[in-house]
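Structures follow.
Shared between the two complexes below is subunit A, which has subunit B as its partner in the first and subunit C in the second.
== the complex of A and B ==
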């Protein structure tokens, strides 16, 4: 009888402890992330446009009206196209470059690997705001870039660029390549060095080591970085917001800036803004799913 | 025979030289813009207009003195410290508490609750920005410190929970069980056994939260309106972004905005790179 009693107590203590530990974090998370996500989808099919959320003018549902509006807006496609450029630069620029740099440093081909790594990663840690304004001033008509070009081509005149996305893409490449370098180095270091040494002693060339040992060992990491690059590219906001704010004439706009403008610039259109963010989430999930599918089909060796 | 060996070593030496050249090129590319910025922050605006690429003829510090006062930087830095400090401590506490419960206290709810946090890893700030703005307004927290802190903590939570739970799961169950048999309550076990053991992953979570929160700029921009509540990045954007012709001051303001993270990076280089790698593998 007394034993049963303590067992019951212990069970009760266990339950109480569980909820005491879980609830504070969970409540914050639910109210800040989970609920707003659902609320966002709800807003995207409503006609809510400012004013009181509750007790004001009743909110009615308009179905997929805003999605329809979105798909006929040329600025949506312009922003989407720019997002895709960023995805391409990330997947085919940052990842290969980051891998190349990581490989050189990991294999000990150059000395002072630590120094190179520290310097190349440096741009990634600095506030996007600082980076954005710095590059904006660098590329501006009065900045250093026209001056640099004139060193090589004295007749260069600053004009409005036909490709305003190029500087933006360059800065994205400049800023985030270091992140992939770090990810690849960390995972390269997990490979058993003895295997590589043994292969080298058996006469395998550096290229064979790369192709037969290192790349297969990293196939999982390559997929992870691709997912990271895709979702990161679709999220890009801060840097472009500071550098160009989407201008000139929305030509460097991306989906998140397009959404921001609809919600916080001029007369707010919250339903349309939320339709954009919902579409962003769907695109992101679809691309991640596609990457996983490609991995399952062609790679899959982990 | 000797000839073959010689050409081989020459070729590999050229290869090595090329590799060094490439590495040095990327390193210079990475830091040149930052050096350019620092260099020009010591020029007067007049000198910058004449000399955009070279060293200053005369190193002046007036830009820094002006920006520091006019940009209200002491206040901005203090705010950033408050936001980052509280967010990091709260994220660590809440996510390790929940992580311990998920990992070591049997409960049917764990699957759903932990799963909902993992989904949070995939959610983006954009998808919650507008609703969050409306909700914060609705509950009356617009333009308050608390109205910034609660979203910051919630956003940092999924990563903290994910890394914390994984790590605590790897701690042997036997340790927790023997403490239970000795009569320790779960809360006691958490405080005196789990917290010290989870310190290494605590550092990783702290690093990720600090860098993420310190550089955050979009959310605080829409959730606050008064200058007294803004953080360093927002202040830099407002001050330096508006100085479109006074480059000297603009560059000085950017350098001030850059220094805290630079110092943090140089001090915690190893931990930061480890944290980034750990955080990335979540996918």
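== the complex of A and C ==
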């Protein structure tokens, strides 16, 4: 005789289904995100200096020694400042530019929208290493950039400017704007065209349509892109590493390169490198929290 | 549902059986000793002439002659090589045989004793007398961590005499003479010295170490270690001031700070600079690639238009014509290989081959290194193989500059030499004064000393 299904069975089944679906993701999250982050904090207050973690030389705790060393190093602040430049270029450069370009293409203000969309997005699909090498050669002392400038100003002499970060920031802007363009275009296409048309019939100008319909509708997307930009900026490594490796004299270094140098250049200092990574996580949380607060305070509703 | 479960259980059981069979199979292969597998970490710049050729001339030859050994080789160069090495050391999984330095960037391999002392192997095989005794001196951690290719001088002044001749100039005999060349050459759009200073180690290793030796003498490091010399004393400050003067006077172009290592060799060969500063190892980059027959500097031009020397007399130096040098790079063996095992014998066979007569003769002919193996007769090989003029000029250069002083990153800890490296770049940017850098170096030295 078949067994009768009770309410209890259904709940148990639901619970089992819930765990079956959630557990793999939860375990992956714990093993590749939560555990390394916590372990990194643990290493940052230890004297671990390479070798076997378990069964090797015993590890002892040294408190906040490495954080103390970090906060008196001028190059830490230099790297942090460069990271903040990248955050600024990303949030106030890539996002507005990406939005502007997406808006221009979406509203059909220019012809051949597909062509422009492809061209602007193209840098995103090229390998970062290739892009880094390309621009490194472009800005090199005997590279194309000085030669191009000399076409207009024959007496021009290429020199290390007081802002060696400028070429790097330019490349970052060029490379990632396309990604935001695609995100904005995809979300703009979700807005009901009839609403915009109705507003135009009612006499709303292009600016009013943008300010009163499109921007409020996209406020959530703007926050998401800002979070992406901030977290992406803080972890930026590959492009800068290939272009300048943080040099000269750490002038183009960022926190991730600073951390990498401490871990892998010369005698490794793993606790210090882990202290840097912990600081990076804290800064990242703080900036994302700030973004969420700004959205809560001033953002519209989708 | 039950059917599905059964299928799932059977599939899982099958998977376990299959994986255990394969695991068992691997064990059997190893114990049967059919082929011993060795992991190798090789250092090679594939953009250099004759690199591709090295694969067939060195590695393929070994594989053909030693069918019982299977090499799993990893080829890396420059920063990626060093970073991978550090990662291997940190994980405790150092490759069986690996290319390494006697100190400097390989310091952690020595200090963590991740590699074996090779002296007992040489003694056991009666091979100690086959090598130049200077190359077998104990290395950073007090033992022979790697069997060196030879001795390396980290400073070499490459001179384009054709550029000098065409501008009515000749090889300078003093620093002042060299400095006086900046004006006439700059008027023609030619740099005095080409150098690639974007990588921080280049200035320290290829120029500054030699300068420090000139002002501090051959035993400056011993005196610093004994506390009788300080980095804030005149010998070191003067050395930094000289670098500052080279930038300020235009002898060194500040743009060199944005030039990646190796990138200005072509410009120098093409006559865009009269001098080029690098280590002795870079002669290889100017020689002919056997495969393509192409060279940055043709053999005829090597003979007639180029010379190899060191920076001439510096004002206030305590020793003249000295150069900075260190025991060369070489091959080490992982300490993880069990002593007396077949794998250890295989790894030693590989290292003996790599530092044997055949490979060292080959490396001499490509300019990669000058031999540590005394069975290689340099003069004879140069004559018999009709080697390119740079090889003979390099031999003459070694004979001319016999006073050798320490290389900074070969004797100081990275906590100290990294401060020097960055300080030299700060001087290049004009953002720090030599005395300020000297104070920072002294502070780094004292901190490091205190932590020992």
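We take it that the second predicted complex is superposed on the first by the 268 of 302 C-alpha atoms of A that agree within 3 Å, B and C clash if a C-alpha of one lies under 4 Å from a C-alpha of the other, contacts with A are read in each partner's own complex, and residues count from 1 in each chain.
Going forward, contacts are C-beta pairs under 8 Å (C-beta built on N, C-alpha and C of every residue); 3 or more make two chains touch, one makes a residue touch a chain.
These numbers were taken from a predicted model, which means no experiment stands behind them.
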Report for A:179: first if it touches subunit B alone, second if subunit C alone, otherwise both or neither.
first
Tell me the contact category for A:211 with respect to subunit B and subunit C: first, second, both or neither.
neither
For subunit A, which side has the bigger count of touched residues, subunit B or subunit C?
B
Tell me the contact category for A:141 with respect to subunit B and subunit C: first, second, both or neither.
second
In the superposed arrangement, does A:250 touch subunit B (first), subunit C (second), both or neither?
second
Look at A:164 in the shared chain and tell me whether it touches subunit B only, subunit C only, both, or neither; answer first, second, both or neither.
second
A:104 contacts which: subunit B (first), subunit C (second), both, neither?
first
Going by the contact rule set out at the top, does A:264 touch subunit B (first), subunit C (second), both, or neither?
both
Give me the intersection of subunit A's contacts with subunit B and its contacts with subunit C, in residue numbers.
142, 260, 263-264, 270
Okay, in this complex, where on subunit B does subunit A touch?
16, 19-20, 22-23, 26-27, 29-31, 33-34, 36-37, 49, 52-53, 93-95, 97-98, 100-102, 105-107, 109, 113, 116-117, 120, 122-135, 138, 150-151, 153-155, 157-158, 161, 180, 185-187, 190, 211, 214-215, 217-218, 222, 232-234, 236-237, 240-241, 247, 250-251, 254, 257-258, 261-262, 264-265, 269, 272-274, 276-278, 280-281, 283
Quick one: in the complex, what on subunit A touches subunit B?
10, 13-15, 17-18, 20-22, 24-26, 28-37, 39-40, 43, 53-54, 101, 104, 109-110, 115-123, 125-130, 132-135, 137-138, 142-144, 147-148, 151, 174, 178-179, 182-183, 185-187, 221, 223-225, 227-228, 231, 234-235, 237-238, 241-242, 255-256, 259-260, 263-264, 270, 273-274, 277-278, 280-281, 284-285, 288
Report the residues of subunit A in contact with subunit C in the complex, numbered from low to high.
50-52, 56, 75, 136, 139-142, 158-160, 164, 244-245, 247-251, 260, 263-268, 270
The answer for subunit C against subunit A in the complex is residues 79, 82-83, 86-87, 89-90, 92, 105, 107-108, 111-112, 197-200, 253-260, 263-264, 267, 272, 413-415, 417-418, 422, 425-426, 428-429, 431
